[in-house]
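My structure is below; once you've seen it, I'll send some questions.
As written, the chain order gives the labels A, B, C, D and E, with residue 1 at the start of each chain.
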Amino acid sequence: MKLLSYILLLTFGILLIYAANKLPTRGHPDNPINRDTSLAGTPAASAHYIRNAEKEMHTPNVVTTILADYRGYDTLGETTVIFCAGIVVFLILRRQRDGSKV
Amino acid sequence: MVQRSDSIIVGIVSRFMVPLIQLFALYVIAHGHYSPGGGFQGGALLGASVLLLRLTVGEQPSNLVFHKKYGTPMSGFGVFIYAAVGVAAMIGGGVYLDYANLPIAGMEPAALRSLGILLVETGVGIGVMATMIAIFDDLAKGDFHD
Amino acid sequence: MIWQLELIIYLLLIASAIVALRAKDLLAAIVVLSVYSFGSAFLFAILGAVDVGFTEAVVGAGITGILFLAALYYTTRKSVD
Amino acid sequence: MIFEHFPILIPLPLLLGAMIAAPLGVWKRDLAYPIALFATGVSLFFAVSGLIFVLNTGTHHYHLGSWAPPIGIEYVVDALSSFVAVIVVGVGFLVMIYSHRSLQRELPNKEVPFHSVSLLFLAGLSGMVVTGDLFNLYVFLEIASLSAYALVSVGEKRAPVAAFRYLLLGTIGASFYLLGLGYLYLVTGSLNMLDTAKIIPLLQEHGLVLVALTLMIVGIGLKMAMFPLHLWLPDAYTYAPSAGSAYLAPIATKVSAYVLIRILFTVFEPAFVRDEFSFTSVIAWLSAVGIIWASVMAIAQKDLKRMLAYSSVSQIGYIGLGIGLANPLGFIGAVLHIMNHAVMKATLFLVSGNIFYRLGFTDIPKFDDKLRKMMPFTSVAFVVAALSMIGIPPTAGFFSKWYLVLGSIDAGNWIFVFVIALSSLLNVVYFFRIIEKMYISKSKTLSESTVEEIKMREAPISMLIPTLVLAIAVIVLGLLNAVIVDSVIKLAMPNGL
Amino acid sequence: MTDFFIGHIAYYFIIALLIIGLWGMLFKKNLVKKLIGMNILQSSIIIFYVASASKYNATVPVIDPRLGAINPAHYINPLPHTLMLTAIVVSVATTGVALALLIVIYKRYKTLNEDELLERMK
């Protein structure tokens, strides 16, 4: 059984390496993630961010603009995840007694 | 509670370090527009500075900096700032989180967006700081351990 | 992107990951995990992701380690594997 | 005017409610529950009005931060997502009403954070449902998962261990999803679902897309407890507190099933996953095995909640089978079963919570006819839901199975028809065992332990009403199934199915 | 060939890290070790995203408008960085929750070893 799991793990690794060989070569400007438009002709996000971030929100750090504005809703979710972790630890480890504040 | 350190050197050095870390953290939050950093990193640094005090000088003195009973309310408040900025944009006539429609008169959209980013990052900073401290306090001294 | 330097850090990361998983003392394992985090923060800085590197340095090497320590204080340091 | 914003207004009240309920609850304990109930009510109102709006005017796109899709995040509310959102928030609302008294009995000193966490749980699930962005889905998946671990962990006995296991497997699932998304993003350059769907057919090389799809399906499958990946589910549902399992069982896995539908049929084309690479038939066969295996396991269980947990695995198999058939009738069956199973399983878990509230145990061998005399309404609700699980008309469960059978026949696969029939028989075995104990067998243990006169001691009214509402819904939804299929699910049919 | 090698070799190391993390999660008996494995797994995926975003002859995505016309080829792709900030936060949140669970488990069963845990749960 343990041997089977190891084989499964190795197979998984080989599958991933097979996939990694087919990935676009790292660092070229014409990789799909770096292009100006996608294959379907829709605008690609990253190039738009780099071109317009400074103009649209007076903020040179592109990562900040994406984090807080272009994809701001993700960051709301991210902050909620942290808040959620806080509440969850509160739920697991604290008891609220009658009459007393926590 | 995790035992405080008995070494005087550790105590004094950490007392000296904490204000510097906090100053740097505030800089990181406020300067996130121009350089690496932002609400999350700054908040985590602020949290880490309080955690350093909790570890070195003990619970009572560090409660003066940030009392443990504020952990959960402040984390809720931080996230609430973020969500409320989005709602304010909705009240201003835009869609959710559209900072260009924040109801503040006399600012062009780009400046408003910049301001919105700052507000949001502040919320994230407060939330992350308080949550980190709250998680540590619960792990180190929840009522569970009674 | 200096790929030779990158490779050295990958080797360091793999080594520290294995050490962290094999250490019998959990405190040591967590310290090595912090080393791992710090290595990956350095890697992010090389790859041009300064924000991610900053965050990883603060969170991975700082907060995660502290949380692990706080939990270990109430559990046990020993591990059989 | 405010209705233009309804997509964001489905998860937002829940998030805001959680943020407000926790601090105020720390200050004054009694405030948490009304806030939670109010927030869920507001969210339910917008979910229902959103469904009506969508059915009248068609799909609604909501660009968060007013950035058009490939640049920003969009919320897409079409017939399918608004339908699932109504189910999620609706069942969540009823369980929220129910959880108050149940928590006062089981976790008296953890009420406030529990309400806050359950709000976050509902917010995460409803966010997953309405989002149109693959990475945003991951974020909300994590919110829902973290709160789900917590809902499990506060139970008795082995609950923390079950929750820890759930956490490890759930994290593996989320990581696989993220890795698959990374592969997909590297070849398409887009994170938006509809945008990605446009790009994928134009790609020259399919090997990478296949690996990405496999990783995403395995990840979502872990969250959904698809057959060989269900290992976390029985323990988690068994040891969670009654309110926790009542939240988890009906909706958590269903939303993952919905995500699976989205990925297979919206991001990828049905023709791609069905004809070119037979992903869907793998899912269908695994589900078929899972249906039988989990039904057999359910027969062997002695604890009511554990039996219901295994029955959940088997019912998720039905949904997987419907998705795997990848034809219109199978799709209708799967979506209808998402709704039916949410309602039926919610009823059953609420019933088991009611029994636990009064008796303090849920061991099946200890049940006898005194239980029925003590709790007549709960027993009736149990019988209705059990009949629906078995698939007896006119209860809701019959119709989804009917569509699944039609879909199997349509696909020319008689083995699946046989599987569905066999599993219905197995369902009869394990539910009639309990009904027999409740209605026929003369009392042994219960009567001996208490000599007092048998009198009615139903669960409190705030726990009984949601149970009965859900039990009535089982029948009403069964009678209305033609309306639901015609006016909602047929509109939700993906292109090219 | 060398171009391909340099462009892909990082992925092999990342996959090795991922497999090490999975191995730790699945085969280590100590629950803290499982958590360490989980951290390694999550960070390997973060490294995967960040590594795939890197670009030759490009600089960090902080734009100086005084440098004239902005060419996206001169700046590293910022979107994966943003996504990974979120993923880091998720990973620390998960770790916090898991540690809370560990404390409860230790309180109830006085062990963190999986075999002993299964023994004591009977």
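The rule we apply is simple: a contact is a pair of C-beta atoms (placed from the backbone, for glycine too) under 8 Å apart; a residue touches a chain by one contact, two chains touch by 3 or more.
This is a predicted model, so every value here is computed, not measured.
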Smallest count of steps, each to a touching chain, taking chain D to chain E: 1
Chains touching chain B and chain D alike, please list them. A, E
State, to the nearest whole Å, the distance from the C-alpha centre of chain A to the C-alpha centre of chain B. 22
Roughly how many whole angstrom separate the Cα centroids of chain C and chain D? 37
Where chain A and chain E are represented by their mean Cα positions, the distance between them in whole Å: 11
Would you pick out the residues of chain D that each touch at least 2 other chains? 15, 18-19, 22, 26-27, 64-65, 135, 139, 142, 146, 149-150, 153, 160, 185-186, 191
Identify all positions of chain B at which a residue touches two or more other chains, and write them in rising order. 34-36, 38, 40, 69, 72, 75-76, 79, 83, 86, 96-97, 99, 135, 138-139, 144
Multi-chain contacts in chain A, i.e. residues touching at least two other chains, fall at 16, 23, 27, 33-34, 45-46, 49, 60-61, 63-64, 67, 69, 71-78, 80-90, 92-95, 97, 101-102
Touching chain D in the complex: which residues of chain A? 15-16, 18-19, 22-24, 31-35, 38-40, 42-46, 48-49, 69-74, 76-78, 80-81, 83-85, 87-88, 90-92, 94-98, 101-102
Counting only contacts in the complex, chain C reaches chain E at residues 1, 3, 6-7, 10-11, 13-14, 17-18, 20-21, 26, 29-30, 33, 36-37, 40, 43-44, 47-52, 55-56, 59-60, 63-64, 67-68, 70-72, 74-76, 79-81
Of chain B, residues touching chain C in the complex: 2, 36-38, 40-41, 44-45, 47-48, 51, 55, 132, 135-136, 139-140, 145
Chain B contact footprint on chain A (complex, rising order): 55-61, 63-65, 67-69, 72-73, 75-76, 78-80, 82-83, 85-87, 89-90, 92-95, 97, 101-102
Which residues, counting only chain E, touch chain B once they are in their complex? 60, 62, 85, 89, 96, 99-100, 103-104, 107
